[in-house]
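Structures for review follow.
Each of the next two complexes has chain A plus one other chain: chain B in the first, chain C in the second.
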Partner chain A sequence: MHHVVLERWSRGASPLHRRDPRSKFAALLVFLVVLATAHRALPLLAAAFLLLLAATLLWARVPLAGALRRAALVLPFTLLAGAVCWLGGDPARALSVVLKSYLSALAVLTVVSTTPLPLLLRGLELVGAPRFLLMVAQFLYRYLFVISEEAQHMRSAAASRGFARRSGGFRAAAGALAVLFARSYARAAEIHRAMLARAFPGRFHTLGALRFRAADAAFLALAALAPALIRAAIERLA
Partner chain B sequence: MHIYDGFLSTPVWAAMDVAAVPAVGYMVRRAQREFDESRIPLLGVMGAFVFAAQMINFPVGIGTSGHLVGGALLACTLGPAAAGVVLCAIIAIQALVFQDGGILALGPNLINMAILGVLAGYLPYYLWGRTPWRKAAIFLGGALSVMVSAILALAELLVSGVPMSRSVVGVSLALFLVSALLEGAITLAVVQALEAIQPGFVRRPAAGRSFARGALGLAAVVLAAVGFLFASTAPDGIESLGHTTGMDHVRRLFTTPLAGYQLALSGEPWLRKTAAGLAGIAIVYGACLLIGRGVARRGRA
Partner chain C sequence: MPRLIEVRNLRFHYEDGTPALRGVDFHLEAGESVALLGANGSGKTTFVMHLNGLLSGEGSVEVCGLPLQKANLPAIRRKIGMVFQDSESQLFMPTVLEDVAFGPLNLGMTRQDAASAARAALETVSMAAAIHRAPYHLSAGEKKRVAIAGILAMNPEILVLDEPTTFLDPPGQRALAELLARLPQAKVLVTHDAALARSLCTRAVFFQDGLIAAEGPVEEIVNRFGWDFASEPSQSAR
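Moving on, here comes the complex of A and B:
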């Protein structure tokens, strides 16, 4: 599955991987806002931003082609939206929708592929996002692939019995989903008991506290200034 | 139904991001009260279940199939606040890990699907879950949850100035309606199958009805209806709304085309857009205040 790739990328050891997740997330937000509010000379700006992101990805030693391909996951939807805009008589907006959504996805990918998700969520928690929600998200991510595999097993079991194509397929699928629900519920109870047995204190402990160092501040300043300056320069030129 | 970065205009995503913060905060606090921290694994695993449920196809007719979206099912089994939190977590993971939905568009997505979608999905069950109409209520809840979030997303795109012709809007509304009916049928079928396995899974709606929760659900439906109005008559509808209410600036507010942004810093359009954003926030705050008061009243009683 896709996640394996992202997990492997995010465990790298480049200078970008070592930056504090808070600084990376803040830089990401600045980039996204600069991009979202830009309206002049968009194709030129998009090309410059693409180069910027590509350079960042190369610096982080993330496979560039793979990242570009993964960010293209948004394209089916955005191309459709672009087509709607085009047919609606607004080709400029069609272009902007496609360019902006692709670049935004690539920027998010740059951050996520250089930061392990638990660390990223921990950073968000330190910034003030509700811990309850982030812990739910963390458990979700942890068990996503476990439960998905269970669903896959059920699906192949049903298919091997020739069930999918029969007329009672709808009720059979509902039954399968109910069983999956019950199993997930039971699994959650087991997880909880196991956690209690290990004296879970109600929060995750991380090895090593996150520290916002001078290098992180410098990175943030640079990463926040770069897109803003590029945009200002291009808008002046254009 | 996910909205990506780059689709919405700046005032729309900014206002909805700001509005999402207190709404999500309220939902989380409420879920935390019902489910103490020891139940966090349950919510996480149920989120994983919703992800995995997309793999099980429900055959519909010849060659087509649909899958569960899950908002209404979670609301019937875990309660609306917990369902909202689970959906928030799902949407956040989708945006971060699966490039499904934008980061700046996180606020709109959360409001459409995790907050108003879940509330609209829970409303029929909450109102009629103890009456003989229970089955119909579950079906309606599933359908409403999808319809409300889809219409809200469509309305946000229209308000952002995405040019959609009447036929495009009509076709997408028809598609939404089909998937909404499918979601209703799937939700009902799964709830019935769950009850056959173990009746305790599906919650009975609380006996003491709080007015505020119902009101909030209604507000969600009304908001969607307004969105529907926009959608079905757009873009002329917005214009005529402006004329009939004598507020021509409303029209400019909602349909300011791209050209407006070049003047963004020169004062007036910017102010108008900010006002639009603030109005949106005020609506959500009002809704939150309303529930808060209802909860307090119930606590006292």
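Moving on, here comes the complex of A and C:
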């Protein structure tokens, strides 16, 4: 599963892994703004940004091919949007939509694959993301694996009783989905009981304390300047 | 010195009106380990859920002299550590260390103290090498050990274990029995495993239809109700 792979990547020990997540969020934000507002010489700029992100991923010792492949998950959606633009007579916009969305996904993936989930959530909390939402994200991340395993068991159980995707397939799938939902609900109730049994007061306390160091500030300055300078240079050349 | 647990005439109905407990009397002395035996649905798990206020029925429950009331719940949940049947529901944090530190942090410990308590508890269950691992990467036996560590880190006086050997292979069951035998806390053990009950407990109570049908030495109860793979119930138990 993707999130298991990302989990493994995020536990690396590169200098990028050690940066405070807030510095990575700020750098990501700058990158996304510089990318989103670029209009001139887009193919060249996209190539340069792709190289920049690839270099960052290699520096962080994240498998490049795997990261490029995973970022391509956005393409089925954006290719469709691109096709609509293309058919509407605006091929430049079509190209822009596809390139920008892919690079944005790759940039987000770079941050996620170099920041362990607890630190990612803690960083998001410190920059003002709603605590409740973060809690939901944490539980979703943790139990996605368990729920998918339960779904897999149900599929195997159905297959071993001769179920094949022929007539009635949708009805069976709807039934399985309902059972999965009921099981997830029961699981959630049990998790809540386990939390209460360990004196959960309704608010999460975490072990991770973040400290923004000089190295984080230096990284942020460099990571914010790089895309802006690259864009300025390419626009001047064009 | 008050008894660790004193339960009188405990009654409980589920929301649909099904009676689950029909007047249970129970006590646990300091240093004692008691096995709760009985068929599925006889009320064992429902009963232990009352001991730390996860369920609330009629009758009286006292833990270490404290009546089970809302105001006493934090103190009672500090004294009773509950290990759930399915460790998957008990391990909800992203890493082993964070999960074990969840309880100590809820008790108001500083991050440093909570991390120290968590490391010590993981040492006790021989899982110190797994502190940075994600819970879903652990084997069933390892998950159970980490779940127990999460309870030990809160320094409870009583351990309540619900079917602790479920999902474990025979070597895992043996290792768990050895670990539990080493722990000094008083124990309430919900189990179908007569061998485990014999090895850990001095007394057994037998649940039948929401009532305690009999109590006494483990061997006597096991033989009387035929609660062993190889034995048949005696005439008096039928």
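The definition used in the following text is that the second predicted complex is superposed on the first by the 221 of 238 C-alpha atoms of A that agree within 3 Å, B and C clash if a C-alpha of one lies under 4 Å from a C-alpha of the other, contacts with A are read in each partner's own complex, and residues count from 1 in each chain.
Operating definition for what follows: a contact is a pair of C-beta atoms (placed from the backbone, for glycine too) under 8 Å apart; a residue touches a chain by one contact, two chains touch by 3 or more.
Worth saying up front: this structure is predicted, and the values here are computed from it rather than measured.
Contact with chain B, but none with chain C, is seen for A:Asp90 once the two complexes are overlaid on the shared chain.
In the superposition on chain A, A:Leu133 makes contact with chain B only, while chain C stays out of contact range. Contacts of A:Ala209 after superposition: chain C is touched, whereas chain B is not reached. In the superposed pair of complexes, A:Pro118 makes contact with chain C only, with no contact to chain B. Contacts of A:Ala217 after superposition: neither chain B nor chain C is touched. In the superposition on chain A, A:Ala232 contacts neither chain B nor chain C. Of the two partner chains placed around the shared chain by superposition, chain B is the only one that A:Phe77 touches, whereas chain C remains out of contact. Once the two complexes are overlaid on the shared chain, A:Tyr141 sits against chain B and chain C alike. When the two complexes are overlaid on their common chain A, residue A:Arg171 makes contact with chain B while staying clear of chain C. Once the two structures are overlaid, the count of chain A residues touched is higher for B than for its counterpart among chain B and chain C.
Where the contact sets of chain A with chain B and with chain C meet, they give residues 117, 138-139, 141-143, 146, 187, 191, 195-196. Across the complex, chain C meets chain A through its residues 49, 52, 54, 74, 77-78, 80-82, 84, 86, 88-90, 92-95, 97-98, 101-103, 105-107, 111, 114-115, 132, 134-136, 150-151, 154.
Taken in their complex, chain B has these residues touching chain A: 2, 4-7, 10, 13, 24-25, 28-29, 31-32, 37-49, 51-53, 55-60, 68, 77, 85-86, 88-90, 92-93, 95-100, 102-104, 161-165, 168, 185-186, 189-190, 192-194, 196-198, 201, 258, 261-262, 264.
Here chain A touches chain C in the complex through residues 4, 7, 11, 116-118, 138-139, 141-143, 145-146, 187, 190-191, 193-201, 205-209, going by the rule given at the top. Per the touch definition, chain A reaches chain B in the complex via residues 2-3, 6, 28-29, 32-33, 35-37, 39-40, 70-71, 73-74, 77-78, 81, 84-85, 87-90, 92-93, 96-101, 103-105, 108-109, 112, 117, 120, 130, 132-133, 135-144, 146-148, 150-152, 154-155, 164-165, 169-171, 173-182, 184-185, 187-189, 191-192, 195-196, 202-203.
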